[in-house]
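The following pair of complexes shares a single chain, subunit A, combined with subunit B in the former and subunit C in the latter.
For the complex of A and B:
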């Protein structure tokens, strides 16, 4: 982290960048928040640790409109989102100075709390430089420990790799944390009977409070005007009046990013209700891979997205019923 | 009146492209071929115009089945519209299946302007399918159902 701060100070001092986009400490030890830093003094609040899960790519849409360059800290998986935004002409590459920061898996405080660890005062072992396999947590009730891997975000268990897809320089070591099959959960649901599938999604989605956090955090979801804000759309800006509205919202939300979703997992990370929203995106990714060839959005900046492309031999929609 | 005494009359929405399927429906009519009156046709400029939201909205508003008809691949009036529509609908239907909605409720058929017979047969078989599946209770607004 100190290396990152020193480099940020250098870049600010020599005028390469006008501001730094990173994370600052929150009011709790586990909730750092995205922030701009415009001077060396402000950088004293800069943090980068295991809880800095936020994908900063989306902030670059606004930062691209500002005067001067912005130094942005991107983790390996965030660079996919950044590439995707370049492809869609939503960010200006010239306005970004990308520092590829190391990552050894990001932490989910909810997973720590689920293990019965309450009253957290401080957490050791979440620093990026630490090589600790366990987190040591000081709580009101004494010291607790938790394995790092058990506290990781779902997306880190299916890590896309430690390579940055795009960067100006790299600081820090990354570690690949993949230890699960990416489509395992999707396949588990696909194998259910229609009644079970329906019951599963009904119970998950009825938790939705329509806070729109999944939409707002998604780097692919960056339209200036959103269909869900249209007053012609019955469920804009209000609670659901029937059981279908949240399903429609989530199907359409995932559909609008189908073929563009890099599977960064921000939707599930930000959901205050803990709905596994990535399951929708991943189902689309799985179908696209199976029907139209393997495709990783954001792996490059010039390939055609699957839904803006076609071949004469594409499968007919009736394939859905035939697959069984 | 209690629900079980009511005869089930399905509501079926058919999105037909202006250039092929809508003309095909017209031909079915002028050839005196019959298809069930449960089918309500909505004319769209191209099958590609059908937004996934249209289909979900139709279900939300009480449709029991939604069918989309367009020009045969390769015959699109706008050259490529139906190729894009084909990919979109495949993904959408797969998603509905994933959510536990019976996939017999959605269908895509390619019907040209010369295929009045195919139009009538398609609609007859689709309506039959919807009769066998019964009322759509998984999707849709349950408030208006008595």
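For the complex of A and C:
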């Protein structure tokens, strides 16, 4: 972390960048939040640890409009989102100085809490430089421990890899944390009967409080004006008055990001209700892979996306239809 | 608020027998905006149109809904009627209560309910309609014909004779197509080449016709009247301007093992070859996969013997870009693959052949120089069995559900020719039905039976079993005598089903022309517009549209030419005003619409916008209305809903859906 701060100071000092986009400590030991730093002085609040899950790519849409370059800290998986935003002309590559930051898997406080660890006062072992396999947690009820891997976000268990897809320089080591099958859960749901599926989604989506956190965090949901906010459409500001509407929001959102979603997992990470929203997107990704060949959104900035491109090898609509 | 009139058509009894039309009119009056509703026997009649005009004028209508047949039938009629009465034609909506309702339902109460719902949806849409103005686009006075068989040649000749430039693009090294492979033609038994080659020569000599052989259509953009097409002229490795067609290169070519496409692989050809003697152009091509020079770098004999110095190993594919007003598809057919019909032993015995192969066997330029002989041992056959409907009229997915239409006649022809030339050969035909409608067709078939003694057996063959002595044991049934038949044959000929040339899928996709489940190109209307594709400016000629014989193909080729000429004769076309528009305040500038637009109608520009007081320069989508064909792909791809289609806006569509679900 110190290396990052030092480098940020240098880049600010020599005028390469006008600001730094990173994370600062939150009011709890496990909720750092995205922040801009414009001076060496401000950088004293800079943090980078296992709880810095937030994908900063999306912030670069607004940062692209500001004077001067912005140093942005991107984890390997965040760089996919950044590439995708370049592809969609939403960010200006020239306005970004990308520091590819190391990552050894990001943490999910909910998983820690689920282990019965409460009253958390501080957490050791979440620092990016640590190679500790264990988190040591000081709580009101004494010291507790938790294996790092057991506290990782779902998305880190299906890590896309430790390579940054785009960067100006890299700081810190990364570790590939994949230890699960990416589509296992999707396959489990696919195997359900229609009634079971309906019941499953009903139970998950009925938790939704329409806080829009998933949409606001999602780098693919980057519309200037979301269809759910625009008075041009009858879908604007629909409250969840019935189960249809809560499903409609998430299904429309999934369709809108289909083929563009990099599977960064921010939707599920930020959901205060713990809805596994990424599963919708991942189902689309799985289908796209099966029907049009393996495709990873954001792996580059110039390939043609299968859903907005036509090739003679494309699956016939009848085949797509049969899959349901 | 609109003032809407609803007009419900009885269509004689077509609608009125199943839908309570007066009830639909009565219900219409309860819809928002509706100030007038009536029903009438024939809305499309002069009297019906007059009723619409009168209501528009007397009641000051701002929009109308006609509940009638499909808009494909009378939308234009009603739009014109409304326009004459002073209403913008795009303020007219059709509720299809015939094809979508009365014709497919029996219960009057239910059908009436549905008709009311369809009427409601149309009213909901008209409430949001806005007047639209059609623009104009130019017509490039040149036609493209894809495929150089008899269909393509005839279409090109007819268009060229009318005074328009035509280009023929043919994939193989010569024009001529399937007809050039046939020996004799039914029902007159004249030599196929003798009647085809004059047409080939005429086409090649015509000053208005340019022929691109060994070429393929690579890319199509644009729209009716203004298509831009990239044609890939494959490297022939022979300079067409220098070659004199002397043929020495083919004689001297040491690589002679490539299967001859023209002779259906029954014999071989040299690596440098013209497919057949009368080929046009009479310029060979080098098959680079078979050529020793291309494979090993050593050889070059053809270049050494060519007096004209026409051999060019360095030649590369060339892309020719040309503009066309009309495109005619004439891609023809092939016989189906017989992999799934192993019971006929096609892959096991050389003496089981397809009918098209028999054409080559019987032709003087074929692999046996026209002698009827077994391909396995060269012996003269004494017993020949023909099996009809191999892969045609097939109920399962091994074959094709349709009748290939030409097989009954060519089999009668083959049987007759064999019996005529080799009277000692017995000919048996196993058939399901003999279908011979057509001028002089049934007489022809009867001659085969009555004069030439061809033995027709109604029944199918279950199995063909090659015997150790080289004979073929044919196991079939005679349905009329209700007995099983075991017959030893020397040769078996399979009337193999025909299917559209497999390339047609690729071409249809490039042209955005629709194809059916059998890969035949779809007509705009099965009865009334049989030679036009639903895609404007695309016309259909020959078997690409459905199985047909030579006379029918030639007739259709002429019809397609007339339709193309009708288009080329116009100086300007009215454009469809239902084009896409981008709301620049909602546009993200993401290029998704640009990527999905099949017409290249969308570009991006940096524009100054004023978004509720925020002035900034944004990258936004701009639609070229002349290029946009209103397909709507962009409107569904746009994540922010910035793209909308005039006349079919998202709001209008959703209003229809809401009205239906109400």
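Quick note on the criterion: the second predicted complex is superposed on the first by the 303 of 324 C-alpha atoms of A that agree within 3 Å, B and C clash if a C-alpha of one lies under 4 Å from a C-alpha of the other, contacts with A are read in each partner's own complex, and residues count from 1 in each chain.
We take it that a residue touches a chain if its C-beta (ideal position, glycine included) is under 8 Å from a C-beta of that chain, and two chains touch if they have at least 3 such contacts.
Given the structure is predicted, the values throughout are model-derived calculations rather than measurements.
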Is A:283 contacted by the first partner subunit B, the second partner subunit C, both or neither? first
Partner chain in contact with A:312 - subunit B first, subunit C second, else both or neither: both
After the superposition on A, what does A:304 contact: first (subunit B), second (subunit C), both or neither? second
Thinking of the overlay built on chain A, is A:254 touched by subunit B (first), by subunit C (second), by both, or by neither? first
By the touch definition at the top of the document, which applies to A:40: first (subunit B), second (subunit C), both, or neither? neither
Just checking: does A:90 make contact with subunit B only, subunit C only, both, or neither of them? Give me first, second, both or neither. second
Have a look at where A:227 lands relative to subunit B and subunit C in the superposition and call it first, second, both or neither. both
For A:199, is the partner it touches subunit B (first), subunit C (second), both, or none of the two (neither)? first
Can you tell me whether subunit B or subunit C touches more residues on subunit A? B
Look at A:1 in the shared chain and tell me whether it touches subunit B only, subunit C only, both, or neither; answer first, second, both or neither. neither
Taking the two structures together, which residues of subunit A meet both subunit B and subunit C? 227, 234, 308-310, 312
Name, in rising order, each residue of subunit A that touches subunit B in their complex. 186, 189-190, 192, 194-201, 227, 234, 241-245, 247-248, 251-252, 254-255, 258, 280, 283-284, 287-288, 291-292, 306-312, 314-321
What residues of subunit A sit close enough to touch subunit C in their complex? 65, 87-90, 222-227, 230, 232-234, 256-257, 260, 304-305, 308-310, 312
Subunit C to subunit A touching residues, read off their complex: 505-506, 509, 583, 585-592, 595-596, 598, 604, 611, 616, 619, 637, 639-641, 650-651, 654, 658
What residues on subunit B touch subunit A, complex-wise? 52-53, 56-57, 59-60, 73-74, 80, 83-84, 86-104, 106-108, 138-143
